[in-house]
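Going in written order, the chains are labelled A, B, C, D, E and F, and every chain counts its residues from 1.
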Amino acid sequence: MLNLAIPLALACIGAALLLNFWRLVRGPGPADRILALDTMYVNTTALLVLLGIHLNRSVYFEAALLIALMGFVGTVALCKYLLRGDIIE
Amino acid sequence: MLDLLISFFLLIGGAFALIGSIGLARLPDLYTRLHGPTKATTLGIGGILIASMLHFGAQDNGPSVHEILITLFLFTTAPISAYLVARAALHLDRQEDGDRL
Amino acid sequence: MNRWLPQPLTSLCLWLLWLLLTESLAPGHLLLGGLLALALPLFTVRFCPDRPRIHRPLLLLPYLAVLLWDITVANLVVARLILGPARRLRPAFIELPLDLGSDLAVVLLTHTVSLTPGTVAAHLSPDRRVLLIHALDVDDSAELVAHIKQRYERPLKEIFAC
Amino acid sequence: MEALAACTVAVLVTCGVYLLLRARTFSVVVGLSLLSYAVNLFLFFTGRLLGKAPPLIGSTAGDEAPLADPLPQALVLTAIVIGFGMTAFVLILALRARGELGSDHVDGKEDEA
Amino acid sequence: MNHWLMMPLLVPLVAAMINLLLGGRRMGCQRLVSLACSVGLLAGSIILMGFAHSGEMYVYRLGDWPAPFAIVLVLDRLSGLLLVTTALLALPCLLQAMDGDDGRGLHFHVLFPIQLLGINGAFLTGDLFNLFVFFEILLIASYSLALHGGGPERVRAGLHYVVLNLIGSALFLLAVGTLYGLTGTLNMADLAGRVAAAPTDQAALLRASGLVLLVVFGLKAGILPLHSWLPALYGSALAPVAALFAVMTKVGVYAMLRAATLLFPPQGPVGGTLAALLPVLALLTLATGAIGALGAQRLRTLIASLVILSVGTLLAGIGQFTASGFSAALYYLPHTTLVTAGLFLLAEPIGGQRGDLEDRLDTGPPVGRPAALGLLFLMGGVAGAGLPPLSGFIGKLLLLRSAPLPDGTWLWGVVLGSSLLTLIALSRAGSRLFWGPVVDTETPTPAGWRPLLPATLLLAASLAMTVAAAPICRYTEATARQLLTPRHYIEAVLNPAPPGGTP
Amino acid sequence: MLLYALVLLPLIGSPLPALTARLAGRTAPVLTAAAISAVALLLALPPLAAAFAGAPMEAYHSWLPQAGLDLGLRMDGLGALFVLLILGIGLLVLLYAHYYLTKEEAVGRFYSFFLVFMGAMVGVVLSDHLLQLLVFWELTSLSSFLLIGFNHQRREARDGAAMALTITGGGGLALLAGFLLLGQIAGTYRISALLDMGDLIRAHPLYTPALVLILLGAFTKSAQFPFHFWLPRAMAAPTPVSAYLHSATMVKAGVFLLARLFPVLAGTEPWFFIVGGIGLLTLLYGAYHALFQHDLKGLLAYSTISHLGLIVLLFGIDTPLAAVAGVFHIINHATFKASLFMAAGIIDHETGTRDMRFINGLWGYMPRTAALAMVAAAAMAGVPLLNGFLSKEMFFAETLHLSALGPARGLVPLAATLAGVFAVAYSARFIHDVFFNGEPKGLPIYPPHEPPRFMRLPVVILVGQCLLVGIVPGLTVAPFLALAAGDMLGTPLPDYSLAIWHGFTTPLAMSLAALIGGLTLYAARQRLFAFHRQRWPSVDALVLFQTALDRLAAMARRLTRLVANGSLQQAIALVLLATILAVYWPLANTPSSITGPVRFSSIDGLTLTGALLMMAAAMLAVYWHRHRFTVLVALSVVGLMVVLAFVRFSAPDLALTQLAVEVVTILLLILALFFLPRRGQSKSQPPRRVFHLLLALAMGTAAGLLTWGVLTRPFDSIAAFFLANSLPGGGGANVVNVILVDFRGFDTLGEITVLAVAALGIQALLDNLCLEAGMVEGIPDRWADERHILVLSLITRLLLPLALLVAIHFFLRGHNAPGGGFIAGLVSAVALILQSMASGIAWTRQQWRAGYRPLIAWGVLITAATGAGSWLFGHPFLTSAFGHVRLPLVGELELATAMLFDLGVALAVFGVVMLILETLGNLNQRCAETRKGGA
C-alpha cells in the first residue's frame, strides 16, 4: 500500500513544484514570483517529510523544519523589499 | 490498517499540495492565486505530516510528535506570508493604477 | 515571579515545545527543557515590550477547534473553486470593520481570516480599524462580513476582553 | 544519474560563468553564487551518489545500505561557509565600489555604448 | 611531536582576536600586540627553521589522528625558509604601518596578523583542502588589507582582485574535488602515492586537475595571462600593505613548487606536462614583468612589475627541476620578496613629497632628503635589477648557472634581456624622481630617520643576504635536494617514526 | 691581504667625504679622498715590486661555490700598470677637481662617488675571477652613472648619465653571459687559470658565442662603434669626471678586458675580424667626427673614441707586437687625454663656455695653460718627441703586416693613415681654434685668465710625462710596458725598441703623411665643414636614443595593456581560457575515454525534476540578469534545489547549512540591491556576448566532463576510517560533524576565521560610506508608508523564543545527529534578523545590546583554546576528549571537548552574521542622518 502511496504523493509534490516554477517564470509581477517561491518552500517542506517516510529515516525532519522557517524569512524579506526597499530599516 | 491510514493521509496531502499549486498556476490574478497556496498547500502538508507521525510513531522508538511543530509553525506563518504578498501586490498595483482603493 | 519568570505561558509553551522537538520524556530532557524554558524568556522578554494579556485563555481551545474545522472545510471549498472553471469565480475585495482593542486579537483575526474559507487578509489599516479582505468567491459581501464578525471576532473579543 | 549530475554541474557553471562576464557588479555576484553552488555540488558528488544512508552511525534504518562518504560533505560544508563569507564580502565591496566610483560597472566606468 | 609547529598559526590568531577584543579605540595597545606578535613570529620562525635545518621532516598530526585521515602540518626546509621570509617581511611592514597607515581604516591590527596566519598556514599544511582553507584566510585578509584606506583606485583594483580570486577559489575546489574523487584522499603525501599509482585511464583527469591547480596557483602568483590584477592592486594599496603583498605571490609559487615536486613529480604521469609547461610560462612571465616595468608610468606600478618579474624568475628556476634550479629560485625568493617590499615602502615617502605628481615617473622637482632616499632607492634598484654587488645579482648568477648553455639559451636570453629592460626602467625612474631642475618651492620633506627605518631594514636584508650568501646557499641547496626526494616527505607523513624517534 | 686592502680601501672609505663634508665644509672631503687615494697608491707599491720580481702577489678565497663566486685578486704587470694609472691619475684629478668644483656643489657626494668608482676600477683590474671582475665592472657603470649625472639640474647630465648606464650596463649583462659561458667551457672562473686554457677554449663549440658576448661587454664600455654614442653625451659630466673616467680609466676597462683575456680568446678568425674590424671602424669614425665638434669636450670625446678604436684594432691585429703597441697606447692616451680634458675644463672654467666657435685667441689670456694644452694636443696628433708619436708609429708599423686579409691588406694602413690625418686635423683645430684664430667672441666670463696654480699642476705633471715618455721612452716607460705587455701575453715578448728614430721607414712616412695631410685638411676646413653639414645631417644620438627608448616604453605599455587593460571582463576571460585549456588539453590528448568503467545508476523522477528545476532556474537567472529582483527569486530556487540535492544524496547536515546560508545570502543581496543604481543597463555588444556565451559553455562543459569522468570511476576513499572511528574515537554518531569538529577541526577553525575576517572587512568597507538609495526598475518610486507591519512584528516576537529553542536543539544534538554549531549560530542569527525586519534594526538593537565583535573574538578564541587545551594533556592541538557522566535524576550525559569547540563556532558564526547585517542595515540609517545633517 505504502509502496504505491508514497510514489504517488511524491509525484504530486513534484508536479506541484513544477507548477510553482511555472508561475515563477510567468510572473507577471514580482509579487507573483514571491508567492510562487513561498509555495515552493512549503512544498519542499512536504517533500522532505515525504522523503523521510520514503527512506524510513527521521533525520530529514529538521531540514523540513528549517525549510519552513527559512522560507518564511525569505518571503518576509522579499515582500518587505517590495514595500519598503530597506528591509531592516 | 495503519499502512492504509498512512497512505490515505499521504494521498490527501499530496493531492491538496498539488491542488494548491494548480490554483497558483491557473487562477487569473494574484489575489485569487493567493488562496491556493495559503490554504490547500497548508492542508496538504498537514496531511503528510500526520502520515509521518503515524509512520514513525508506529516504529519502536516511541511516538513521533515533532511533526506537530512544523504544523504549528506553518499555520502561524502561512497567513503572514499571504498577508505580506497581498500587501506588496496592493502597494504595487496602487502605484500603477493610482489609488484604486 | 516577574523577575525570574516573566512569561509563564511562554515558558510553559517552550517547555512543551522542547519535549516535542526532542521527542523524549527522559528526565534529562525534562530538566534541560525546563531550564531552557526558564532561561530563554529572560532573554526574549525584552523583545515583547507590551505583553499581551489574555483574559480567558481557556476559551482559546474551542476557538481553535472551530478554526481547525474551518480550515479543513476551507480547503475543500477552495479545492472545488480551483479545480472548477475559473470563469465562475467572483473575487472581490471586502472591507471588514474591526472592533478589537488588542493587537494580538487583531493579528489572530487576520490569521483566522486567511486560514478560513475563501478569504485572505490583505491589508490592515494603520489605525487597526479596517481589515481589507480578498475573497475568492463572494455572493454577498455584507453577509460575509457579518459571518466573520460573528464567528471569529466575537470569541476573540471575549478571550481578550476588549 | 551520473549524466544528470554532470549535466547539472555543467549548466550551473555555464550560467554562473556567463553572469560573471557581465559588466555589472550585481550580475557578477550572482554569477559567483551560481558558480559556488556548482562547485559545491561537484565537490559533494565526488563522494559518489549514494541516496540511501546519511553518514550517521546507528541511525534508525535497519537496512544495511552503505553510508555516504562523510568527507566530501564536511568539505562542502566548509566550502559553503567560506563561500558565504566571500559572497558577502564581494557584495559589500560592490556597494563600496558604487559609492567610490559612482557606478556599478565592474571597471567603475560608465557605459561605453 | 613538536608543538612549535603550531606557533606560527596560533600566535597571529590569538593576537588578532585580542586586538579585536581591544576594539578600535585602543590603538596603542593594538600596536603593541601586533608588534609582539610579529617579533614572536620572527623568533619562532627562526627556531622552526633551525629545526628544519637538521634535515628532518617534522610532522604534526592535528587531533592525534593517524596521518592520511586527518590534517597534518609538515615542516621541512622549504616551509622553514618561507616562514622566516614572511616573518622578516612582516616586521618592517608593521613598523611602517604603525606610522599612521593603520589608522586609515578599521581593524588593521586584526587583519594583519590574520594575513600572516593564512600565509604561514599555507606554508605549513600538508593537506590539500586545508591548503584551500588557508588560501581563503590569507585571501580574505588580503582583500580587506588591499582595500584598507579606501579611495576609488583601491576599490576598483580590489574589486577585480577579489572577483578573480573568488573564481580562483572555485577552480581550486574543482581541482581538489577531482583529485579526491579519483584518489579518495586529501593528504598531500598520500595523494602523491595514489596519483603515482593511479590507473592509466585516470591519467587524463589527473593531469587536468593538476593543470587547473596550476591555473589557481598561477593566478595567486601572477603568472603570464593571469597577472592582470597585480599591477593595479599593488600600485594602489597602502605602502605597508603592498609591501606585505610581496610575499603573497610567493605563496602561489610555493604551492606550485610543492605540487610540482610532491604531488606531480615530473617523472609521473601528470607532472610531465607541468614540467614542460612551467619553463615556458616562467619565461613569458619574466618578459611580461620586464616589459611592464619598462612601460610603467608610476613608480609603484614599476615595482609591481618587478613582482611579476620575480615570479617569472622563480619559476624559471623551479621549472628546471634540478637541485641547482631550485636552489637558485629559493635563494632568489627571500631576496626578491624583501627587496620589492622595501621598494614599496620607499615609494611612499618619495611619492608623498611630490605633490600632484605623486609617484608618477615624470620629471619634477627632485625629492627632498636625496641622500637617504636616493641611496636607499639605489640599493633597491641595484638589488631589484640584479646588478652586482647585491643579492639580486647572486640570485641571477645562480639561476643562469643552473641552466648551462646551449639548453638554457632561452632562459639566458630572457633573463638577461629583462635585466636590461629593468635596468633601463629603474635608471629612468631614479633619474626622474631624484634628479631634476631645482625649484625654489618648498617641498614637504619627511624628517627624521623613523619613517625610513622599515624600508632601510628591508633593503639592508639584501645586503645581509649578500654577505651571508654562502650559508644561505647551503641551506637552499639542502632544501632543493629535500624537494627532489619527495620520498622522505611521504614516508615521514605516512609512516610515523617509532615513538621516541621524533622529539 | 694587501690586495684586498687596496681594493676595499676606496670602497669602504667612500662614505667618508660625504660625512666630512657635512662636518667640515669644502676642503675636508677632498683631503679625505686624496688621502685615501694616496694610501692606496702606497699600498700598491709592494705588489708592484712583486710583479716586477715576476712573482705576482695573489689572494684567492673560495666563497660561494654554488654561484661560482670566489674572491680572487692578483696583481700582475698588466694589473699593476692599470692600478698605477687609476690611482695616479686619480690623485691628480682630485687635486684638479678641488679647484674645478664650485662651492655650491655637493662636493662631499662627488668625492664619495669618485672613491667608489676608483675602488671599483681597481677591483676590475685586479680581479682574478671573472665574475668578481664583473661585479666591479658593473660597479664602475653605476658609479659613473652617478658621476655623469652629478649636475642633475641639467637635463643633458641626466640623460647622458642614463644613456651611459643603459649602454654600459647592458654591455655588462652581455659580459656576464659571456663570462658564465667561458666559465662553463673552462670549468673555472679563475682568470689566472683560464690564461693557460686558451687552446681548449678556442676549440670549444661555444667559443664564438662566448667571444661575441664578452666583446659586447668590452665594446660598450670602451665606446666602440656602434656603441660609441654614449661617450660624447657623457661629457655632460663635470670635467674632472671626464678627465678621469673618459680618458684614463673607465673606457679603458674595455680594452683592459681585451688585454686580460688576450691569451684566452685571441688568435682566431672571429677575434681578428670582429675586434680588428670594429676597432678600425671606430678609429675612422671617431677621428672623422672629432674634427667637426664645436664643443671642446665633444672633440676630445670623439678623439677618445677614435683612440680606443686604435687600441682595439691593435689587439685585433693579434700579433704580440701589436699587443705591446696597444698597451703602450693605453698609457699614452691616458696621459695626454687626461691632461687635455683638464685643460678643456680650465678653459670652460675660465671662460664659461666650451664652444670653439666663441673661444678664440686664448693664448693671449692664459699662455701657460695654452702651452700645456698645445703640447698635449700635439701628443694626441702624434707629433714626434711626444709619447703619442711612439705608440702611433708602432701602430702604423703593425698595420703593415696583415697577411690574413689577403689582397685587401693594403686597405688597413691606408685607413690608419687616414685616421692619422684626421687626428692631426682635429688636434690642429684644438690648438688653433682655441688659442689663436682671432679674439674670443661673447664669452660668458670675460676676460679669462690663468687658473689657480694648483689647478694647473696636474696638467703640468701629465704633460711632463708626455714629454718624458716621448723623449726618453727607454728610461721611463719601457720597464712598465715590458712588464705589463709581458704579463698580458703570457709569453716572452718579441723584440721591439722604443726608440724615437728607427730610420726612414714606412711607418714614419705614414706619420709624416698624416701630419701633412692633417694640416692641409685643417687648412681646408671651411669646405670640409660645409661638406660635413650636407652629408651628415645633424643627427643627435641622444635624441635618437631617447626616442627609441620612449618608443620602446610606449610599446611596452601597449603590450602590457594588451593583457592587463584594466577590464575585469577580460581578466576573467583569460583565467577561464586558461582553465578551459587546462581541462581540455589533457582530455583531448589521451587515448583512453573520459567515461570510466563504473556502471551508471538509474535516474528517478524526483531527482530529474529537481535537477531540471535547478537548471531552469539557473538559466532564468541568466536570462533575467537585468531584472535584479527576479534574479534573486531565481537564485533562491537554485539554492532550494541544491538543498534538495543534498537531501536526496544523504547529506542532511549540508542541507541544513545550505538552507540557512542561502537565506542569509538572499537577505544580504536584498539589502545590497537597495543601494545599487536602478538605471537600466545597457547590453554589451553582440559579438562580445557570443564570445562570453561560448566561453561559458566551454567552461561549463569542462566542469561537466570532470564530473562525469570522476563519477564513472571506481572509488576508494579514506572515508571508511571516519565511519569506523567517529563513534569510538570522536564520540559522535554524526560523522560529518565529528569530521568538522575533530578530524578536520582545523579546517573549521580556519573557516570561522575566514568568516570573522569577512565580517570585519565588511565593517571596514562600510565605514564612512554613504550611498544614495537606488531602486530597481519595475518597482515603484514610492515606498509604502507603513514602516513596520503589525501582523508581522507581533508574530515574529512570538517566534523568537521558538527559533532560539530550535537553534539550541540543533546545537546540542549536532554531534550525534544533523545540526551543530554552524547551524545553531545561523538559525539564531536569522531569528534575530527576523526581528529587525519586522520591527526595525534600531528597535532590535535596543533590546539586544551585546557587542558582536567581542562575540566573534570570544568565539574564535574558545575554539582555539579548546584545541590548545589538549596540550595540557600532552596531546597535539585539537585532540578531542569525551566522556560519559552519570548524573542523578538526569541520567547519562555525554560531555565532549567537541561541544566546546562547537560553542565557539556557534558564537563566532552568530556574531559574524549579525555584524554583517547590522552594519549593512545601519548604512541607510546613517546616510539618512548624514543627508539630513548636510541639508
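What we mean here is this: a contact is a pair of C-beta atoms (placed from the backbone, for glycine too) under 8 Å apart; a residue touches a chain by one contact, two chains touch by 3 or more.
This structure is a prediction, so every number in the text was calculated from the model and none was measured.
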Open item on the list: Starting at chain D, how many touching-chain steps does it take at least to reach chain E?
Closed with: 1
Open item on the list: Just to be sure I understand the contacts, which chains border both chain E and chain C?
Closed with: F
Task: Most centrally placed chain, judged by C-alpha centres - done: E
- [ ] Using mean Cα positions as chain centres, tell me which chain lies farthest from chain C.
- [x] F
TODO: Please work out the Cα centroid separation of chain A and chain E, and write it as a whole number of Å.
DONE: 48
TODO: Report, in whole Å, the distance between the mean C-alpha point of chain A and the mean C-alpha point of chain F.
DONE: 61
Open item on the list: How many angstrom lie between the centres of chain D and chain F, each centre taken as the mean Cα position?
Closed with: 41
Open item on the list: Suppose each chain is reduced to the average of its Cα coordinates; what separation in Å results between chain E and chain F?
Closed with: 17
Open item on the list: Quick check: what residues of chain F touch more than one other chain, meaning two or more?
Closed with: 566, 568, 572, 576, 648, 652, 673, 703, 706, 710-711, 715, 717-719, 722, 743-744, 747, 751, 754, 757-758, 761, 765, 779, 784, 786, 789, 791-792, 795, 798, 802, 806, 817-818
- [ ] Please set out, as single numbers or ranges, the residues of chain E touching at least two other chains.
- [x] 129, 133, 136, 140, 143, 147, 150, 159-160, 163, 167, 174, 177-178, 180-181, 186
Task: Residues of chain B engaged with two or more neighbouring chains - done: 20, 22, 34, 36, 42, 64, 66, 69, 73, 76-78, 80, 83-84, 86-87, 91-92
Task: In the complex with chain D, residue positions of chain E that touch it - done: 129, 133, 136, 140, 143, 147, 150-152, 155-156, 158-160, 162-163, 166-167, 169-170, 173-174, 176-178, 180-181, 186
Task: Residue numbers on chain F that touch chain C, as the complex places them - done: 786, 789-791, 794-795, 797-798, 800-802, 804-806, 808-809, 812, 835, 844, 847-848, 887, 889-893
Task: chain A-touching residues of chain B, taken from the complex the two chains share - done: 3-4, 6-8, 10-11, 13-15, 17-18, 20-22, 24-25, 30, 33-34, 36-37, 41-42, 44-45, 48-49, 51-52, 55-56, 64, 66-67, 69-70, 73-74, 77-78, 80-81, 84-89, 91-92
Task: Touching residues (chain side chain A, partner chain B) in the complex - done: 1-2, 4-6, 8-13, 15-17, 19-20, 22-23, 29-32, 34-36, 38-39, 42-43, 45-46, 49-50, 52-53, 58, 61, 64-65, 68-69, 72, 75-76, 79-80, 82-83
Open item on the list: Quick check: in the complex, which residue numbers of chain B touch chain F?
Closed with: 73, 76-77, 80, 83-84, 87, 91-92, 95-96
